[in-house]
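What follows is chain A paired twice: with chain B in the first complex and chain C in the second.
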Partner chain A sequence: MSGAIVKNDMKLMIVDDSNIIRGRIARVVETGKIPDVSVVGMARNGSEALRLCQERQPDLVTMDLTMPEMDGIVCTEGLVQIKPDVRILVVSALRDKATALEALQKGALGFVCKPFTDDQLAGALNELMERQT
Partner chain B sequence: MSDISEERIRVFTDAVKRYFSQTAGEAVEIDTAFLAEDGNPVYYDYTGLISISGGFRGCVYFSAPRVLLRHLLVAHGEADHREENLLDLVGEVANNFSGNAREHFGPAFAISPPVAVKGRPDRLKSDGFRRRPFVISVTWKAYTAAIAVCVEGAAQA
Partner chain C sequence: MKKEKRSSPDAPAARGGWSRYRTIVISVGLFLVFDLGVLILNFTLSSQIEADAVAVNLAGRQRMLSQRTVKTLLLTQDAWRNELDTKPPLEELKLTVLLFDSTLHAFDRGGQVTGADGKPAMLAAAQPGSGREAVTQGLALWVPYKQLIDTAILEDGLDGVALGQAVDYGRANNLALLKLMNDLTVALEKGAAARAEDLRLIQVGGISLALINFVIILFHFIRKLGESDRHIEAARRETVEILDTVNEGLFLLGPDGRIGGQLSASLPRILRRAVKPGDDFFALLKDMVSESTLRTARGYVELLFAGRVKENLVGDLNPLNRLEIQVESATGSGRETRYLDFQINRVLADGMISHLLVTVSDITDMVQLQEALEAAKHRAGSEVGLLMSALSVHPAELAGFLHKTEAELLRINEQLKQKHAGPVQHQQTVQGVFRSIHAIKGEAAALGLESVELLAHDFEQTLSTLRERNSIAGDDMLSLPVHLNRLFEHLSLMKGIVDRVAGLQGAMVGAGQPGDAGESLARDLQKLADRIAQVQQKHVRVEAELGEFARLPEAARSVLKDVAIQLVRNAVYHGIEPPNDRVHAAKPEHGSIRVALHPSGTGMFEFIVRDDGRGLQPQRIREALIASGRYRLEDVSALDERTVVMKIFEPGFSTASGDADRDAGRGVGLDVVKERLAGLRAQLKVATQPGRFTEFRIQLAA
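What follows is the complex of A and B.
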């Protein structure tokens, strides 16, 4: 059985402490570069994201790492426990390999470095959706 | 003098070039880095500050005039140019520069979430500017901003 998510009405949650970046990611989705995805929630830190995940049950998550209250690594681990099939794309300025590896070990499936272009983000999210688990 | 070498300042200039290229699709002019005057850090209208800890200690900040930040908001597709978003952006830019530097310094270069301020950044004195920071001047669309780096570390950066 394929592990790829059916792309109809996929739900995306955006987690980032920057309002500018949350808005930017949402606009990339709205432009249609990522078909059949809708934003169902935005969180400013890991704690908010965990609460929102239980309520909105997202299929996809973009996850910042450096955030107040709860960082993205801890949050990634928590989200996977709440919803094991959630697909998490880390979107972070932290460019070192150790951080990327740690995020992947905690359950993230992809990594996009900030700063990013709209096409880079859309490409990474589309790739994440097509990926077999 | 800062413990961070001039050569490694290039890590930050590369981050600056990358940011403006990826975000705005445009090149920036970067002047030669210089050591700021004691107790007199360079700043503009808004400043985003990142505290550095882990194997290093100090801070990195990005300071920019309002008009430059408004142009950057446009580049991000953000139509809301209220104060809240100007502060958010200046912090996010500082986060980008500091986070990108980990490609060179590694995870021991631990960065805090940004603190953004308007006006004179009094807080800078208590956040690691015991030494003279390296300052990198950046000009984009004829507007000048600055990145200041004041980091010392056990790893002898």
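What follows is the complex of A and C.
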């Protein structure tokens, strides 16, 4: 390294219908536990996420599954079509493993169960970016 | 989390490629050197032996030519003397001399001569020890001999004198020349034989070396193979030993969903069924899990084989961790529940996912221990909570509450036991039970007995669901005794604690003094108001003037207490505004609820509950009446404001929006107030001013 500081080189989009969860994830990013990541957008449902993805071109996405208008599975499929290299982390309550599995089959790369700790989320996002945690 | 497992290569292979193949490379190199050396020597010696054969052959011809020279010389002389034709012998003489001469000179200096077959052939100069001496001596005899013959042969005939001299010379030296040519032949033959011997020696030596090399290679590889076999055998024995002794069920799962060639001895014991290599894993699971779990398991395994997802990030989705299964009990006495845990990890070979390693553990003991711990924790928590809440209530009041509530629950029990003829009676029972439970909830809340309040709330929610139905069947009533029983059990637990505490208290400080009834009610009301206000994020102060409360008879005190609880609850929930709203309306942030009891004339008392909140709002009451579905818009519009306000005393009325919580929105409360006051023959008046206050005035006889 030449010593130059590369900041915010990965763009994260948060997709969740709960503003509490959206805020929580954003706060974890702000704590610096996930270096070089910045939140570029938050969406309350699948269709909003698809619009935002085209505009902001995120590298990472945290995806809730149960949302109004368009759920996380349809949204995951759509995001992968728009941006095939996007890395999606499903963040959802573990009521139905089969649904979460479906999202992974549609292109998501990992899963974090709600409720989660800051370290669990940070660890998962770092792992998603193939970083040592 | 477990990391992906990589299959480790065996030790010899871990070394560099060169050292692994050094022996074979050296061996092959030596083999090539030996073969090439033999080939080159063979070629060289063969060429020399070929040249030797030509030389031996020509030396033999020289012997013959020396004799033919003498013979043709005599024939020529004879023909010349008898005046016969000399031409034929002379021609042969010339040819023989030419051939002998050229060949002898070629043996002397090397060069080309006419071979035995008439074709040109190369001769090397004879070497010392290999006929050189014979050639030199031969030349010494031959040169004068040839000069005499050349002199005798003229262009147009023969010189008789010279011919006679040549014949004489030939006769004198013929045997010596023959011997010399014979010596030359013998010497050349010896040289050729020596070289042939060399060739044989080289060939034998070369082939022997190659054979030795081959034998060394053979032994080396046999030794290496033996070593390798011993390593493999040792590794196999270790694997077998591990698989025989490990407690977990271990096996490799192939992409075809089949169990690999080796599995641990524990696996059939843990799964409680026969398993053998090559079995279909999902067919095995089919008897143990539901159709949907099986589908999810298949999806999960495919996902791991697909390699795209991060193994560490999908572990939670494994549907086979903490799997509950029903199996034949080990003792054979029926079926039992076991918990199994299937850990599934990728196995990488050369960077590719070759298999999944499945580790099956029986975690039944752990799960049962966990459950027992949870239950113990919960029990301890609730008992401590119960004790703490019971200790915070005045003993006499607590005893009174328990006594009264128990009686009420017994009454409800009697009601539920009655055989009802139809839905209408069911509806009435539900309404009645609902009011009683709601009142118990209110009192429990006022005393701070949260556990009782929560149980009553659960009961109330079930009743509420029933109340909203158009028709209630007998079966619908079946869940009510369950709730009732829970409350009974809880109260009896509480009574036990109270008794123990009372005994302890009695032993330590003697009998407790009953507190002033008015002060106690004031304290309870403040507690209730504080709790609801906290949830509602409001600020409320209860101003109590209840000095006369103790003068009322027990029956009136009991009713007024229930009434005060309901009215204070409503005041905090509906009347008092949030602090911001109050500030905007130029009111103090703290809402105020005044609860007062005063004498009013002979033997009469007036009980007042007044809050300085937003007042009763006729428009909201109208909306709530329409929303309840019991009134049509035109009915409500036709009512005057006073009539509208009085509708708050109807059963089921509520302006609370959304889901009911335990403090409001149940639509019971004011109808209870009205009903209980009617029992005392008390008069109830309501006064309100929107945005300013709501006041309930109750006139009752002492």
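The rule we apply is simple: the second predicted complex is superposed on the first by the 120 of 133 C-alpha atoms of A that agree within 3 Å, B and C clash if a C-alpha of one lies under 4 Å from a C-alpha of the other, contacts with A are read in each partner's own complex, and residues count from 1 in each chain.
Methods note: a contact is a pair of C-beta atoms (placed from the backbone, for glycine too) under 8 Å apart; a residue touches a chain by one contact, two chains touch by 3 or more.
Just so it is clear, the structure is predicted and the values come from calculations on it, not from any experiment.
Participant: Of the two partners chain B and chain C, indicate the one touching more residues belonging to chain A.
Facilitator: The partner that reaches more residues of chain A in the superposed model: B.
Participant: Once chain A of both complexes is superposed, is A:98 in touch with chain B (first), chain C (second), both, or neither?
Facilitator: After superposing on A, A:98 lies in contact with both chain B and chain C.
Participant: Touch check for A:89: first (chain B), second (chain C), both, or neither?
Facilitator: second
Participant: Tell me the contact category for A:127 with respect to chain B and chain C: first, second, both or neither.
Facilitator: second
Participant: Kindly classify A:112 by the partners it touches after superposition: chain B alone (first), chain C alone (second), both, or neither?
Facilitator: After superposition on chain A, A:112 lies in contact with chain C alone.
Participant: So chain A touches chain B in one structure and chain C in the other; where do those two contact lists coincide?
Facilitator: 94, 98, 113
Participant: Can you check the complex and tell me which residues of chain A touch chain B?
Facilitator: Chain A reaches chain B through residues 17-21, 23-24, 27, 66-68, 92-96, 98-99, 113-117, 120.
Participant: Help me check something: in the complex, which residues belonging to chain B touch chain A?
Facilitator: 18-19, 22-23, 73, 76-78, 84-85, 88-89, 91-92, 95-103, 105-107, 111-113
Participant: Applying the document's contact rule, which stretches of chain C touch chain A when the two form their complex?
Facilitator: Of all residues in chain C, those touching chain A are 292, 295-296, 299-300, 303, 308-310, 312-314, 316-317, 319.
Participant: Report the residues of chain A in contact with chain C in the complex, numbered from low to high.
Facilitator: Counting only chain A, the residues touching chain C are 89, 94, 97-98, 100-102, 104-105, 108-113, 124, 127-128.
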